[in-house]
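Two complexes are shown next, each including subunit A; its partner changes from subunit B in the first to subunit C in the second.
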Partner chain A sequence: MWSYVVRRVLYNVPIFLVIVLILMGLLRINDPVAARLGKVASAEAIAAERDRMGLNRPFPEQYADFLWDFARMDFSERSWDQAQTVGQVVFPSIVPSLSITVPALALSACVSIVIGLIAAANRGKLIDRALMLGAVLGMCVSYLVYIILGQKFGAFWLSERLGTRVFAVQGYEDWTTWSQPLNALRTWAHYCLLPVLISVVVTMGYDTRFYRAVIVEQATSDYVRTARAKGCGERRVMFKHLLRNAMIPIITRIMITLPFVVVGSLLLEIFFGIPGMGRTLYNSIINKDFPVTQAIVALLAAIFIASNILTDVLYAIVDPRVRLS
Partner chain B sequence: MSDRTDQSGQPTDLLAARAGRRPSGFFEQPGVRKFVRNRPAVVALGVIGVFLALALLISMPGVNLVPLERATERVGPDAVPGLFVRASDEKRAAFAAFWVRELDKSLRASDPERAVAALAFAERRIAPLGMDTLRERLAGAQAMLNDLDEAMGDAEDTRFDLEDLAEELADGGEPSEATQEELRQLRGELARLEAVVRERLASLENTIEGLYPTPGGREGFVYRVRLLAGTDGQGRSLLLRAVYSIKVAVQIGVVTALLSVLVGTMLGAAAGYIGGPVDHAVVWLYSTISSIPYIVWLVVVAFVVREVDWTVPILDKQLNQTLFPVYAAFVMNFWVGPCRVIRGEALKIRGLDYVQAATAVGCGRWRVLLRHVLPNTTYLVFINFSLLFVGAIKGEVILSFLGLGVQGQPSWGIMIRDSQPEVVVGFFWQLGIATAFMFVLVLAFNIVSDALQDAFDPKHVAGET
Partner chain C sequence: MSRRASTAAWMVTCVAAIACASAQPAAKTIALPMRTDGPKSLDPAAGSTTYDNMATVQFYETLLQVCYYDESRFEPLLLADMPERLDDGRRYRFRLKEGVRFHDDACFPGGRGRAVTSDDVFYSWKRLADKRNGLKNWWLLEDTIVGLDAFKEAQNAALDAGGSFDYDAPVEGFVRVSDLEFEVVLTKPVFRFLWVLTMFQSSVVPREAVERYGQDFASRPVGTGPFVLREWVPKQKLVAERNPNYHACTYPEASLWSEEDRAAGLAEAAGQRLPIADRIEFTMYVPDQPVWLEFQQGTLGYIELPFDYFSQAFNPRTKRMNADLRRRGVGYRAVPQLDMIFRAFNMDDPVVGGYTEDRKKLRKAISLAMDLQEFNDAFYSGLCVVYDGPIPPGLDGHPQGGRVSGAPRGPDLDLARRYLAEAGYPDGRGLPTIRFYTSQGGNNADQVELLRRQLGRIGVRIDVQLVDFSTLIELVNKRSAPMFSFAWLTDYPDGENNLALFYGPNESPGSNHWNYKNPEFDALYELAVVMGPGPERTALYERMRDMVIDDCPMVGSLARTRYYLTQPWLKNARPTERFWSWFKYLDVDESKR
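Now for the complex of A and B:
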């Protein structure tokens, strides 16, 4: 297995290199220095600033430098915008991001699989049709509409009704204190639960349709008929035979969405003012703080590649037929 | 099995087969037949057709159904509710204040004659009354507005008093005779004040109707259509903005979906059919693109292209005033989907007998690719086009929210973005109409892509991608 992992890593190295190359190239199409200093800046000032940013070096050197730093996990490069290193900007944004994405991913997977199972078990019946119609209708509304209505009814309207503020309208507070777990949970729920719920509702349409499709496909296969024929109970067929075989596409689905969810909550983070990776990335692009942009994108690419390899390893664990070679 | 039979009771298909004819017409193909039998899909196709026709009518220079100026001009006060729903008293007072303020502004202008003559909100113009009459009536209206404000303030105060008293009563058990009496008095007072407010509001609105007469006849009809869905935060017609946005959405959808499908199909078919190093290169290219969350490329590309300082020659516009940044961002991401699917299909087709037969009778590589491989991926092309169209429309909302989307014209994304502060204060018309338009179009495309998949790929179960 390890030889497989090593080979996969080596195969993905060029992909990673090209991602960084494309990104660094794209970011340098428009001169970032002139744009930062404005039209009135003198030529000397621009030259000095360019020198400070390290942009006067040849592009291959900048590229190699960035890769070398990244390979050593050295994030001590100065951010252009703030008097901080890239690491100081990027690392504090990881926890806020995770406190939305991890619960959102887990919750939406659980809810969607259950609904998918219900729909698939009642295939063709009214309940299945109603659920799938709901899923299709839900998919036709923009993400942003869910966010706006979620904030209106979850934060403003609910607070008015109950007299106390259950969910924050906006903002974030560090909730990770282990001394008072209950308090920490309450702080988390106050700021993060509403975005999590919105994200679950948005992804539910796509996910339930997908899980239903997977389960229906399995349910019509021969081994299920055999299991029924030898007298398995419906529940046993469902959980012991069907769900186990459906695990492969389900794992793929979850693992594929994993890195996307990290930044998939970009909209939520910007809208609710949560200082996560998505918002940091967006701000760094808008403010032309390219060291930060590069670091985040390179990190995301690395996470994606790692999660891809992990998916394959998980296949081998879940499905004894899969041999990694 | 066909349920259509000829006079002898035999299935027509069978007869055709016996005669050595295979079903050749477009509508005779089994997939097309299955699609046409799917009623919702046919209706959805019709809806898409209507949207496309509207987009054409809006953008054709000769017709110009909704010119851009019409979608961006002020037609009345801010945030008027649609469907002629009666607004709350406060809002009606604010609308009245708007009309009064506009007249006041014009009369105070350096050249009042001309400013007043130009005072028009689409078809609703100032009455031709002469400057002195106007000044006089304006003074009257302002006085009425003040009286109205006063009455409304009094009513508000009474309402607060009443609430306080109600709270006191809720706290302290059995109410005494005196409090009961006070309560009754306050209620009477409030009812009286509310009647005063209503009366003053009605007479103020009457005065304003005299200053700005609602046009009659055809003009009046057009004006009412403008106000059918209310106005946005800048007094612009929401209906016209939403209708104009059809053009923007269709433009973005068609251009990005077409380009992405074109690039994806060519690369995918080439990779799957030719194989070897071409295949490796293509797979590696799309792995690169899809190794990063799509929204990152979207934001980076849209941002970079927007900043390029270049005037597009034919349109004579700065690049960032056109839709090119949006197209670039979408196409960069979207070609991957069709490429992946069509590569897989081409790989499968390559090994089929008829392709080998074609090669065996001496067809060249290009001929096999164009005549035998590509036509059999047509349904995938259509499905992907429809999926990407939806993706583009939804992506536009996200880009517009981030300030990287459509510039200088309305779009559903911009309307949804602008509606956020309105929704917070309870005005849902802008969000509602933009979402409704988008919902219908996206739903139609979703139904069509599901039906296409059902008809041409029987093993497929809806929802799998």
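Now for the complex of A and C:
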């Protein structure tokens, strides 16, 4: 297996290099200097700023420097937009993102799989139709609507009614600094639970339909009929046989979303003022902060490649029929 | 209650109990909003945005400051008295206030902030000439102080040659008299120099801190300001606490306030030591909804009411605040901006540019086809002031009632069609499609549709290009945009700042984006720039304004009015955007919170 992993890593190195090359090339199509200096930029100020930002250097040199720094995980280059290094901008944004995305992913996966199982087990019945109708309705409504309504009613209206602030309208506090778990949980819930719930509601529609389809497909397989013929109970068929065989598409779906878990949820982070990776990436693009954009996208590409390899490894672990070679 | 229902109720109660914030605010803490992502730098030499300004002035101070009670005037801040004007304004003598100390910081011996001296002022201004600081703010002192331009050239050349920038090198126009006294010799007696001394970029910084913290100086402010930085989480929050060693500054005396302000209770704190609040906490907001909801929750001391929420707080027709907010004691202030929203022509463009009569008529026809009031109603809730020319309301040279006789103010479609025909394009026939550039942000995509429709009424077609702001600036600087649009917020309250935009030598890539060149205008500008306020200077401003209107390098203008809402518990609040150091005057009435 390890030789397979090493081989896959080596295969992906050129892909990574091309991604970074394209990224750096695209970023440099428009000159970022004039925009940074505003409406009264003199030619001299533009030249000085370009020099300061290192954009006067040949492109291959900039490319090589970035790759060298990235290979050493050296993020000490200064952000162009913040009075900080790239590392100081990027790394503190990881925990806020994970505070939303990990619970949201776990919760939505669990809930969606359970609902998918229930719907699949009752295929064609009223409960199945009702659940799928709910899922479709959930998908039809824009993410933004959930966020706006969530803030208005989940945070503002609820606080007005209860006379105490249950959820923050927006903002974030680092809950990991609390020494007492209850305080940490309270802080996390105050700032993060509402965005998590919104995220779960939004993704549940898509996930439930997908998991139901996977489970329905498996439910019509020969091995399920055989298991039932052998006298297995419905619960055992569902959880022992069917769910295990459905794991490959489920793992694929979850692993595909993993890089986005790290990058965070852009809309949630912007609207709830959560200083996560998604917002950081968005800001860096808007503000033409190339060092930060490059670092985040390169990290994302690396995580994406790693998660693809990990997915293959997990296939082999959960399904003995899969052989890595 | 069923078991399921009771379980659900228990869970909701648990979540509520867990999620409720428990921390109580400290005494006299004021939560304040900062729209967008907040400051990018707390170094005065590197800052340029409103939010850099808003944050930086809490920690650093300038020699002069805009008066809280009258924004058209300035008064000493780090100075003991107003600068003495010598040699007909070619030389100014300054005396620093005694007892002004920098914040306590590890960069000073023993960690105790030292007194501010004349050398600190010279050092701080020399930093604007250092290209390592980006030269973003050099325009403030360019061609102003004798020897400073030469100093800049020499020191930056030394940097290019691999040497160092010598801050100890002398500048002829900086004359040190003593630790607390100095003179500045100007190249010409430009009046705006004093306004520059109120701008945050000219704040006084200690050399020790700059040298000790290097690039981190941008996030470690060590100034003389009323607050010291407690915490800054970029793009999230900024917390400042009272500077315990703040020099003797008091709230403006009651006699200085207008009748109206006194009636509003603004004079009640007269004589109190500043800052009054113990702690100010800025939170950054990007979307509008959270800031509006948090204000309604009573968290934020004030907000700038987003245009989209105007109708929720006010009757759009009568501009009267709604009953609910009035009942809660919420106050408001309409703050007119020194603003110029315009549509511009590139005077070098072969189609819309030029100074011949037919070119002028083409531009005037376009101007007459546009209905700025319709833009105002559709996109700004009718809160803008529509006016002729480039000088916004509240400044010398702004036309009476916003109107100038003979100005091509639309909509006047008959006259527009006549001018268009006289320009050689009857009903727009023969006129090529004009490329119009504007930035993608905000509601610009909607605004250009209205523009397209309005111009279409006289047969003028535009090819709209929505580009990002950097591309827009690049195109304008390269003179490749025949028609374009953005806004100009006046840097200091003097019409000269707006008229400078039409001064020939400032042509692109300078601030004269329309590349307007009129020798008569330039001569008048050079005359006016060295004059102090007065009827004579105002007359010159008006002549220059009328020249711009007649040559029509732009269609405009609109000036936004922002509505600020204040909580009943926030005392001494008189929100303004002319300067941002007014948080030191704010107080809290805890009984109303």
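Following the convention adopted for this analysis, the second predicted complex is superposed on the first by the 318 of 325 C-alpha atoms of A that agree within 3 Å, B and C clash if a C-alpha of one lies under 4 Å from a C-alpha of the other, contacts with A are read in each partner's own complex, and residues count from 1 in each chain.
Assume a residue touches a chain if its C-beta (ideal position, glycine included) is under 8 Å from a C-beta of that chain, and two chains touch if they have at least 3 such contacts.
Computed from a predicted structure; not experimentally measured.
S.K.: Overlaying on subunit A: subunit B and subunit C, fit or clash?
M.R.: Taken together on subunit A, subunit C would clash with subunit B, as the superposition shows.
S.K.: Now for A:148: first (subunit B), second (subunit C), both, or neither, which partner does it touch?
M.R.: Both partners, subunit B and subunit C.
S.K.: One more residue to check, A:255. First (subunit B), second (subunit C), both or neither?
M.R.: Once the two structures are laid over each other on A, A:255 reaches no partner at all.
S.K.: May I ask you to decide whether A:164 touches subunit B, subunit C, both, or neither, giving the answer as first, second, both or neither?
M.R.: A:164 contacts subunit C only, not subunit B.
S.K.: With the two structures laid over each other on chain A, which partner does A:115 touch: subunit B (first), subunit C (second), both, or neither?
M.R.: A:115 contacts neither subunit B nor subunit C.
S.K.: With the two structures laid over each other on chain A, which partner does A:156 touch: subunit B (first), subunit C (second), both, or neither?
M.R.: A:156 sits against subunit B and subunit C alike.
S.K.: Based on the superposed arrangement, let me know which partner A:309 touches: subunit B (first), subunit C (second), both, or neither?
M.R.: neither
S.K.: Kindly classify A:270 by the partners it touches after superposition: subunit B alone (first), subunit C alone (second), both, or neither?
M.R.: Touch partners of A:270: subunit B and subunit C.
S.K.: Touch check for A:186: first (subunit B), second (subunit C), both, or neither?
M.R.: second
S.K.: Contacts for A:30 in the overlay, against subunit B (first) and subunit C (second): which applies, first, second, both or neither?
M.R.: It touches subunit B and subunit C both.
S.K.: I'd like to check the shared interface: which positions of subunit A are touched by both subunit B and subunit C across the two complexes?
M.R.: In subunit A, positions 30, 35, 148, 151-152, 156, 270 sit in both the subunit B and subunit C interfaces.
S.K.: Quick one: in the complex, what on subunit A touches subunit B?
M.R.: Residues 14-16, 18-19, 22-23, 26-27, 29-30, 35, 132, 135-137, 139-145, 148-149, 151-152, 156, 206, 208-214, 216-217, 259-260, 262-264, 266-267, 270, 278, 281-282, 285-286, 293, 297, 300-301, 304-305 of subunit A touch subunit B in their complex.
S.K.: Can you tell me which positions in subunit A touch subunit C when the two form their complex?
M.R.: 30-32, 34-46, 48-49, 51-52, 78, 81-84, 89, 148, 151-152, 155-156, 159-160, 162, 164-172, 182, 185-186, 189-190, 193, 270-273, 275, 279-280, 283, 287-288
S.K.: For subunit C, which residues are in contact with subunit A within the complex?
M.R.: It is residues 15-16, 18-22, 37, 40-43, 48, 131-132, 134-136, 138-139, 156, 215-216, 218-219, 233-237, 283-287, 289-290, 293-294, 296-297, 468-471, 473-474, 477, 486, 488, 509-511, 513 of subunit C that touch subunit A.
S.K.: Spell out the residues on subunit B that touch subunit A in their complex, using ranges where they run on.
M.R.: Answer in residue numbers: 284, 287-288, 291-296, 299-301, 303-304, 307-309, 394, 397-398, 401-402, 412-413, 416-417, 419-420, 423-424, 431, 435, 438-439, 442-443, 446-447, 450, 461-465.
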